[in-house]
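Following this line, the structures themselves.
Shared between the two complexes below is subunit A, which has subunit B as its partner in the first and subunit C in the second.
What follows is the complex of A and B.
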């Protein structure tokens, strides 16, 4: 048996199993017969096994350089190092859909394991049926339009190679998988929402759905931060977020899932916003399909669109199907949903709702800004650009409101406010004012000063809440404060985890404000041995060298950097700036060298060099303050999410040592 | 050795786009600040500050030249708009069809608040109609809440 044959057959098997599973789930729903449900549940395991086998076959074909398989011939090469071969399955369209479908099958299988436990038999058939339907779509796309295992009649001696931008950094082994885990993970909350609406059980779905959403959200967050870091390390422009369509496609589901995570708590506690929660989760899942459509259809061009192909129309149809199904059910349910009680704005639920409104608005702005150029061109034929300067300006005020709400929300009690809360709010506003004034006093811009103020404000909020809880517990049980803190952290994991996440977000906002405002880019051509004095640095060009590497050719320009004043703190060292030439790329890729410090990041890029005599080289220098803290913040947010998700009963020490995906 | 390397380098360049072997001009931070707001016309979603495409390199050179001539940021941007149209600006002008994008935050928030208001109004009307009847799920919720408060959460 060849890998191509094995892969093709197991793919077909996965499609047939998914179709059977869908049919059985529908039968179980219609006939209310547990045997059909059990059969569907078992098929989810079979589908996962078939998908896994298919994925393994693709890895096998790539590792054995089997160029009779179209995907391997098109996207791999004899000269690729082992790790590049291992990650090649998600370097292009067909393979990445296979990875997607395999993860989808894995999630369906996991949901199948919950049947009879938290997933009751009223909701299980429609939840499994929804997931099987999604699976049918992905396997059908592969079998009919984007088959990874198509046979090549005359196999070439070598493949066309993997996209160099992806080979250039090991992060590509991690980031796409995390992204897919997050994107695909949102199908489970969607399936739970559909099941709740089909079974007309509008309240009980929310607890477990929140958990599943948090899992997907954690993966998405880790994926977004690792993607930012990849962009920072590789693309050579010193930034981490360009509001590029592919980046927007990843942030839209994230924003909607975040909105859901907040309003879901209100439903859990008070039974309110049921209809809104259905809407948020349906839109979040639809946004993952929409994002895939945008980036896979070639409708929008982007620096990150590594895997485009002929699947656009299919994804559009699927998106319309998801929206029609989800919103149709929503229309029926919202006519039936009964809720008792109203929302006061000055309460926890009011703040959570307001926060969700801002997340929703943000998502709306990103969708509109991403699509507007297409719409304008379709309507009037005029070409317009909507890019980073626009999104940055619009997201700044939205961000300020969200950070304000993030501090207030958890401090406010449910239902209505109390007198002691006003004292807390006063302290937080005081911190905001002091931070703002300190920033302005140091001569920083208004925006950055506001970010400092908001950081202090959120830190005060978290501190007040934790200190209050610890004080009360220590007094009532007569134990020491540190013991009270440990006990509280272990018994209120959700609350403590959310404090950790919120702290991470406040820190990220601070890092973004500083780095976006004070990033400086300069470019200069240096002769061999020449010294460039700028921004507290002395940069000396030492040599220009060439190096042949297995899959590329590199030109290296080692430099020596000394810091001469506080402005250039921590920059000392020798750095190898380089340009990588890949045979399959028209222009070389400049791989920046980054000196990370908690104060400034120093970023050196070799832009050009003397090709004839090797006498000069052009260097770009980018100095950005506080980017380092953005990666710390990403780590903290993921850690906080893990803390919430960590199974209860495990001691705090255990969760601190947990491995963290990403960074 | 050195000769061989530059020959290989040249070969790569010959296969790729022709880049003249003259050093590019030194660029001040201001050049990049301006270039950041301009689209690189041949790239896929990159600004003239980031791209290494020939035309982006040329745009940075033009910006540096015009800055040296004492032109202001607005004048330099106008120079590019005259040649390429508004499309070259990454920040769309707040007029005509792109005015709507600038209004999108207000629009989005307005729509959501309106939706919320409608939702609450409907729920309230329903609640009045069904005041006599306590829904089953409400009872379940109250029980759960009682249990939770008994557990001291």
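What follows is the complex of A and C.
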């Protein structure tokens, strides 16, 4: 058995199992027979096994350099280091769809395990059926239009190699997988929403769906931050976010899932916003498909775009199917959904809805900006693009509003007395004003000063809420404050986790404001041994060297950096700036070297070198304040999410007893 | 809904629409080839434009002291001289390679603030007598 044959067969098996699973789920739904449901559940495990086998076959083919397999011939090479070979499956179109489908099968299997527990027999058939339908799509795309295991009649001696931009950094091993885990993870909440609407049980789905959404959201958040860091580390322009269509494709579902996470809380507690929740989660999942369509159809030009091909049309059809299905069901349900009360804007639920609407609006604006070039081209025939300035211009005011709401929301009452709320709001606004004035007093720009004020405002909000809870508990139980804090943090994990996440978001906003406003770029050509005094640094060019590496050729320009004043704090050391030349690419990749410090990041790029005598090199230095804190903020947000999701002893015992209480 | 909420909603929506549609209009960057530029020179003066084409052989010049990079972008029919200092490593440029430069036309020359080099996996040079549309396809296709 060759890897190509094994992969192709297991792929076909996965498609057939998914089709059977879909058919059985439909039968279980129509006939209300538990045996069909059980069979569908078992098929979800079989599909996952087949998908895993197919994926393993692809790894096998790549690791053994089997160039008779089309994907390996097209996207791998004998000379790739082992780690590059291991991650090559998701370096191009067909393999990335295989990874996607395999993760989809894994999620379906995990949902199958919930059948009979939290997923009751009313909703299980339609939830599983939805997931099987999604799966059928992905496996069918591979089998019919993007087959990774097509046989190459005359296998070449070596493959065409992996896209150099991808193999230039180890983040390739991490970021795409996280992104797919997040994207695919959103199919589960969608399936739960469909199931709730099909079963006409509009309340009981929300608790577990919120959990699944949070899982996917955590992965997406981690993926977005690692993606930012990757682009910072590799693209050599000193930035981390360019509003590229592919970046937009990742932020749109994230925004919509964030909106859902907020309104879902209100439904869970008060039975409100059922329609919003169905809409947000349907749109969030549709946005993942939309993103995939954008990046794989070639309709929009982007630095990350995969080669264009027939898959675009398939994804477009699938997107329309998801939207029609989800919104069609919602239209039917909306007549039946009874809201349990009215919304007051000046309340917790009002603030949560307002926040969610901002997230939704933001998502809409990003979609509009991303698609605008297409509209303009359709109307006038002109090829245009919408630059980053547009998105920055729009996202700044939206961001300010969201940061304001983020502070107010949790402070507004479900239970506090009115006087306390007003005192809290006053304290927060005071912090906002003081922060703003300090910023302006230090001569910072209005935007950055506002970011400082908003950070102080949100920090105050979190502090007030935690302190009040701790004080009340310590007083009523007669325990010390630190013990009360620990007990509260353990028993109110969702609340404390969300404080941690909100703190991370406020910190990220601060880091973005500083780094976007005060980034400075300097360039100079240095002769060998020459010293360059700039930004409190002394930069000396040591040498220009060439080096042959396994899969590439590198030109290195080592430099020595010493700080000469406080401004250059932390930049001392030797740096290895380099240009990497890959055989399959016409131009080299300028890989920056970065010194990370909590105060400034120092970012060196080798721009050009003397190709004749090796006597000079042009260097670029980018000094960016506070970027470091953006990575810390990403870490904090993921940590907060994990804190909420981490199973506690109490919660596990509770959920074991809970399934009957579901409906 | 109470009238005061309705007013607030209208104000917010209006501000947002102004921001979005105003912003879209201002930040529209045309993507043209040298031939298209010469068809409508006035239209593209002093506004942000992306100019796509190939670096014409024998025109690439880098001055290490002033850090200025000069080259001619061609689509096989028309040529535009480009001046650039700065954003993208000059080492990434090569003759006959696809390039998209972002900047403004100032008089006869194009002054670029940003160079987007195409990281083409499969390299192909344009052939004699290609139409601008074919050159554009080549440039876009190799992205």
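The rule is simple: the second predicted complex is superposed on the first by the 642 of 663 C-alpha atoms of A that agree within 3 Å, B and C clash if a C-alpha of one lies under 4 Å from a C-alpha of the other, contacts with A are read in each partner's own complex, and residues count from 1 in each chain.
Assume a residue touches a chain if its C-beta (ideal position, glycine included) is under 8 Å from a C-beta of that chain, and two chains touch if they have at least 3 such contacts.
Quantities reported herein were computed from a predicted structural model and do not represent experimental measurements.
Undergrad: With subunit A superposed, do subunit B and subunit C clash or fit?
TA: Partners clash after overlay.
Undergrad: Looking at A:203 after the superposition, I want to know if it touches subunit B, subunit C, both of them or none. Which is it: first, second, both, neither?
TA: first
Undergrad: Is A:345 touching the first partner subunit B, the second partner subunit C, both, or neither of them?
TA: Only subunit C; A:345 stays clear of subunit B.
Undergrad: Tell me the contact category for A:380 with respect to subunit B and subunit C: first, second, both or neither.
TA: After superposition on chain A, A:380 lies in contact with subunit B alone.
Undergrad: Go through the superposed model and pick first if A:160 touches only subunit B, second if only subunit C, both, or neither.
TA: second
Undergrad: Looking at the overlay, what does A:586 touch: subunit B (first), subunit C (second), both, or neither?
TA: both
Undergrad: Looking at subunit A, which partner touches more of its residues: subunit C or subunit B?
TA: Of subunit B and subunit C, B contacts more residues of subunit A.
Undergrad: Just checking: does A:244 make contact with subunit B only, subunit C only, both, or neither of them? Give me first, second, both or neither.
TA: In the superposed model, A:244 contacts subunit B only, not subunit C.
Undergrad: If we overlay the two complexes on their shared chain A, which of subunit B and subunit C does A:648 touch? Say first, second, both or neither.
TA: Neither subunit B nor subunit C is touched by A:648.
Undergrad: Touch check for A:606: first (subunit B), second (subunit C), both, or neither?
TA: A:606 sits against subunit C, while subunit B stays out of touch.
Undergrad: Using the superposition on chain A described above, determine whether A:476 touches subunit B (first), subunit C (second), both, or neither.
TA: In the superposition, A:476 contacts neither subunit B nor subunit C.
Undergrad: When the complexes are fitted on the C-alpha atoms of A, one of 19-27, 73-81 or 127-135 in subunit C overlaps subunit B. Which is it?
TA: 19-27
Undergrad: Residue by residue on subunit A, keep only those touching subunit B in one complex and subunit C in the other, then list them.
TA: 236-237, 301-303, 305, 361, 365, 368-369, 372, 376, 382-387, 389-390, 393-394, 397, 521, 523-525, 585-588, 590, 607-608, 610, 616, 618
Undergrad: Any idea which subunit B residues touch subunit A in the complex?
TA: So the residues of subunit B touching subunit A come out as 2, 5-6, 8-10, 12-13, 15-17, 19, 21, 23-29, 31-32, 36-37, 39, 43-47, 49-50, 52-53, 60, 85-92, 97-98, 100-102, 104-105, 107-109, 111-113, 116, 119-120, 123-124, 126-127, 130, 135, 137-138, 140-141, 145, 153.
Undergrad: List the residues on subunit C that touch subunit A in their complex, please.
TA: So the residues of subunit C touching subunit A come out as 5, 16, 19-20, 23-24, 26-32, 48, 50, 62, 64-65, 67, 86-94, 97, 116-117, 119-123, 136, 140-141, 143.
Undergrad: Which of the residues in subunit A come into contact with subunit C in the complex?
TA: By the definition above, subunit A touches subunit C via 160-161, 163-165, 236-237, 301-303, 305, 308, 345, 361, 365, 368-369, 372, 376, 382-387, 389-390, 393-394, 397, 521, 523-525, 579, 584-590, 605-610, 616, 618, 620.
Undergrad: What part of subunit A is in contact with subunit B in the complex they form?
TA: Against subunit B, subunit A makes touches at 201-204, 235-237, 239, 242, 244-245, 269-271, 275-276, 301-303, 305, 334, 337-340, 342-343, 353, 357-358, 360-362, 364-365, 368-369, 372, 376, 379-380, 382-390, 393-394, 397-398, 492, 520-525, 545-546, 548, 553, 555, 581, 585-588, 590, 607-608, 610-614, 616, 618.
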